[in-house]
Amino acid sequence: MSAAPLLEVRDASVRFGGVHALRGAELSVSTGSLCGLIGPNGSGKSTLVNVISRLTKLTGGALLMDGDEIDSLSADRARAAGIARTFQTVRLLPSMDVLANVMLGGATHFAQRSVAVNWLWPPRRANANRTARQAALVALERVGMAAHAHARPQALPYGQQRRVEIARALASRPRLLLLDEPTAGMSHHEREEVGDLLMELRREGLTQVLVEHDLAMIHRVCDHAHALNFGRVIASGSTQEVAADPGVREAYLGHGSSGERAQDSERAQESGPPESPAKVSQ
Amino acid sequence: MAIASISSWYAGNETLIQNILIYALLAFSVQVVLRAGVFSLAGIGFYAIGSYTAALLLKKGWPTVPSILAAVLLCILLGYLLALLLVRLRDLYLAMATVAFDLMVGVVATNWTGLTGGPLGVTGIPLVMGTLPIFLTAVGAMLLLGLLQRGVLGRSFEAIREDEPLALTLAIDTSRYRHFAFVISCVLGCLAGAYHALLFGTIEPTDAGFELIVLALSMVIIGGFRSWAGALLGAILLTWLPLELTSVGSWLNLVYGGLMIVLATWLPGGLLDALRALLRLPARLRLLLRSPSSLAATGEERG
Amino acid sequence: MLQQLINAIVFGSVLTLFSLGLSLAWGTLDVLNLAHGAVFVFAGFITYELTKDSTMSFVPTLIVASLAAGAVTLALELVAFRRIRLHFPARRQAELSMLVVSVGAATVIGEVVSHQTSEAAFSPPASAFSIHRYSLGGSVGITNIQILIVVAAIIVAVALDQGIRRTRYGRAIRALAYDPTTTQLLGVNVGAVAAATMFLAGALAGLAGVMLAIYLGGEEVATGQDYLLTAFAILIVGGVGSIRGAIVSAYLIALAETAVVAYGPSQWRDGVAFLLILVMLLVRPQGLFARRRFQRA
């Protein structure tokens, strides 16, 4: 399989004041693949997702989509160009129902056009509202949330809120979907379901980047993976290769690692908050 | 008979109605930006700019409509420039910068005696404005603002207010939307000022001072900032109540102040939200009486 | 010339006392307290009430009036700000609501004071504090209340600066300004720190209000507003949340305004502050001296 890369990150670095969040990260995601991104907290995973979705500016390096540089694109343009994302925390707007939230994701074309015309030209308004609604309903159906279209997001259980977020990202039919820990804080069963959903989307041809703490999840759903630590990619390849990489094991388990630490963190994962340490598949 | 009594009521209350309409335009100018999460009070400065521009042009012999149009065009231009200048500022910083701008306009109006008449202001402005054009403008503004807060477009502004980075990742060019709300606010403030000047014939440089900022903000917060209807409700209440409650006299401001504290703390949606909740209450009660289990069932299904 | 310099330093000291509390509240709690000016005048009003029948001497009056001003601000915190902080998780909504509350409070306090004083300027009687003038040669002189103001400002400024840097309370304040959620998780009683901060801010405004009432010989409700607007400029020039920045810029602005009144077009005095606010926000929004993070886009 040697499909041309949809997305390429070359020698990316990001500095906030004196803190290096990324230092020379390299990444390549081929069209139609489901690429895992792992690494301990603070390793630069979220920064990398922010860079690709253009919320964070690169201080060095290049970002390419279909071989074209896109690092000067603004975040809104990036979404219009087909890069959609979800966030680590649920960010649904509580002032509107589920359908309205997802409709915002389905109106990206409308959102990029002149505000004045969008405001005052009735055909454009009507058309945008209709197409956004259709797109939203399709996306909600896709993630199995169509029955809850008129619920308030805050009334839904956590796992369902995350599905709505995925629907909002899917509603604009993106070419690349960035998922920033979509299963954080979910039960085991919910995680399995989201994993199934991502694999189905992959089968339909959607390219995805999945940020995940849980190596088992990466192993189950991803084609290949990149491991980050200290803002650099320390290993990439098939999920088995990455999981077996000594650098990765050290980053996760620390020096002189043994099963003890891994079990500790496994326990933390079960009871702890979404940000708890990684679980390593044995 | 009914018509006669309406017209006599109208004759007795024309000034009140004119004031309500003008304050409604000013309140809209604050509401439209707050709803978009743009914490600008520049509309009050543009109230002054609009009133001076229209009045001075009219005194120079310009006809009415071109004078007002020229004022509006000037405000669009200045408003856009100001929006570009303040593009990096958010929230409290923006609020403070726009209040400084408003007061700066007042200082210039007081001291640029050659143009503005200085501390004495402008007097003898031809009284060319009637109630009807103001009424039509206010109705037009309500229709347009109604469109601006509905559908996907309206929700885009809400998204910008509640979560700006999220709005960006939904392909919303937030700075363009913010500028847009800012300029609309400037135009509405400008119209309120111009109409006020041409209706009452005098301008004082202190008209658009700190007190007007507080009044406009009170109207929007008391009425409810999420909709133009809230701003209208606030404008009506705060213009009409002082006349009704003359017995309360000087304590009236105390009531406003207390109301602002209570509403901002317990009911950020303003009286409009309270009113809506009240209107929904009978329907809810009926539903509850008819089948108490139905509410519980939906709750269970969700939980 | 020398007399102008003395006037500027005294004016700067009043501004320092006034703006430190404002800066503290905004910098740590995101409260832009527009009632600060009203609280300031309220303390002057209490001074007037306590001394008009010559029943109380100066020092107890100063203490009672400052504590009263602190109590009013504390009440605002307990009634409104605390609830808003807890119930409005979106920072933007919380900031707006707290600003609106402070506008309402400014109206209420101003209304009470102007009602009690029949909307006129009120002046504490001369017996409240007997003013002596010390000649420094020629027509130049300095009064004991001027000296008192400068000394008080220096003491408060140094104490606050060192307190923020060295004490446990100071560390809590800095942590709160940096990241409220984490501070809470670290076991700091955020409610208590916020209450103490608001009380301190109000008491400082009160201290300034009492001394200004004696110094100027009178105050009215509008006085608070004028000082509030100048304090905005001080905060912006000095950088929000920066104690040293506020002190330096208070004296700078006092100097600039005094110079404009003495040698320039005096009617543009108010323009100085507004112009500074606009220029600073455009050129260097983080303030001349501050290192505190600025709102990111």
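Letters A, B and C name the chains as they come in the text, with residue numbers starting at 1 for each one.
By definition in this document, a residue touches a chain if its C-beta (ideal position, glycine included) is under 8 Å from a C-beta of that chain, and two chains touch if they have at least 3 such contacts.
For clarity, every value in this text was computed on a predicted model and none was experimentally measured.
With centres computed as the average of Cα coordinates, no chain lies farther from subunit C than A. The central chain of the assembly on a C-alpha centroid basis is B.
Mean C-alpha position of subunit B lies 30 Å from that of subunit C. We define each chain's centre as the mean of its Cα atoms; on that basis subunit A and subunit C are separated by 47 Å. Computed centre separation for the pair subunit A/subunit B is 41 angstrom, with centres defined by C-alpha atoms.
Shown for subunit A are the residues in touch with two or more other chains, of which there are none. Those residues of subunit B in touch with two or more other chains are numbered 162. Those residues of subunit C that touch subunit B in the complex are listed here as 26, 30, 32, 79-80, 83-84, 88, 90-93, 95-101, 103-108, 110-112, 114-115, 119, 225, 229, 232-233, 236, 265, 267-268, 270-271, 273-275, 277-278, 281-282, 285, 295, 297. Put simply, subunit B touches subunit C in their complex at residues 34, 37, 39, 85-86, 88-93, 95-97, 99-101, 103-104, 107-108, 110-111, 161-162, 164, 210, 214, 217-218, 221, 250-251, 253-254, 256-261, 263-266, 268. The part of subunit B that touches subunit A in the complex is made up of residues 144, 147-148, 151-153, 155-156, 158-159, 162-163, 165-166, 168-174, 176-177, 180, 302-303. Partner subunit B is touched in their complex by these residues of subunit A: 53, 55, 74-80, 84-85, 87, 91, 93-96, 100, 103-105, 107-112, 115-116, 118-120, 125, 128-129, 132, 151, 155-157, 168, 172.
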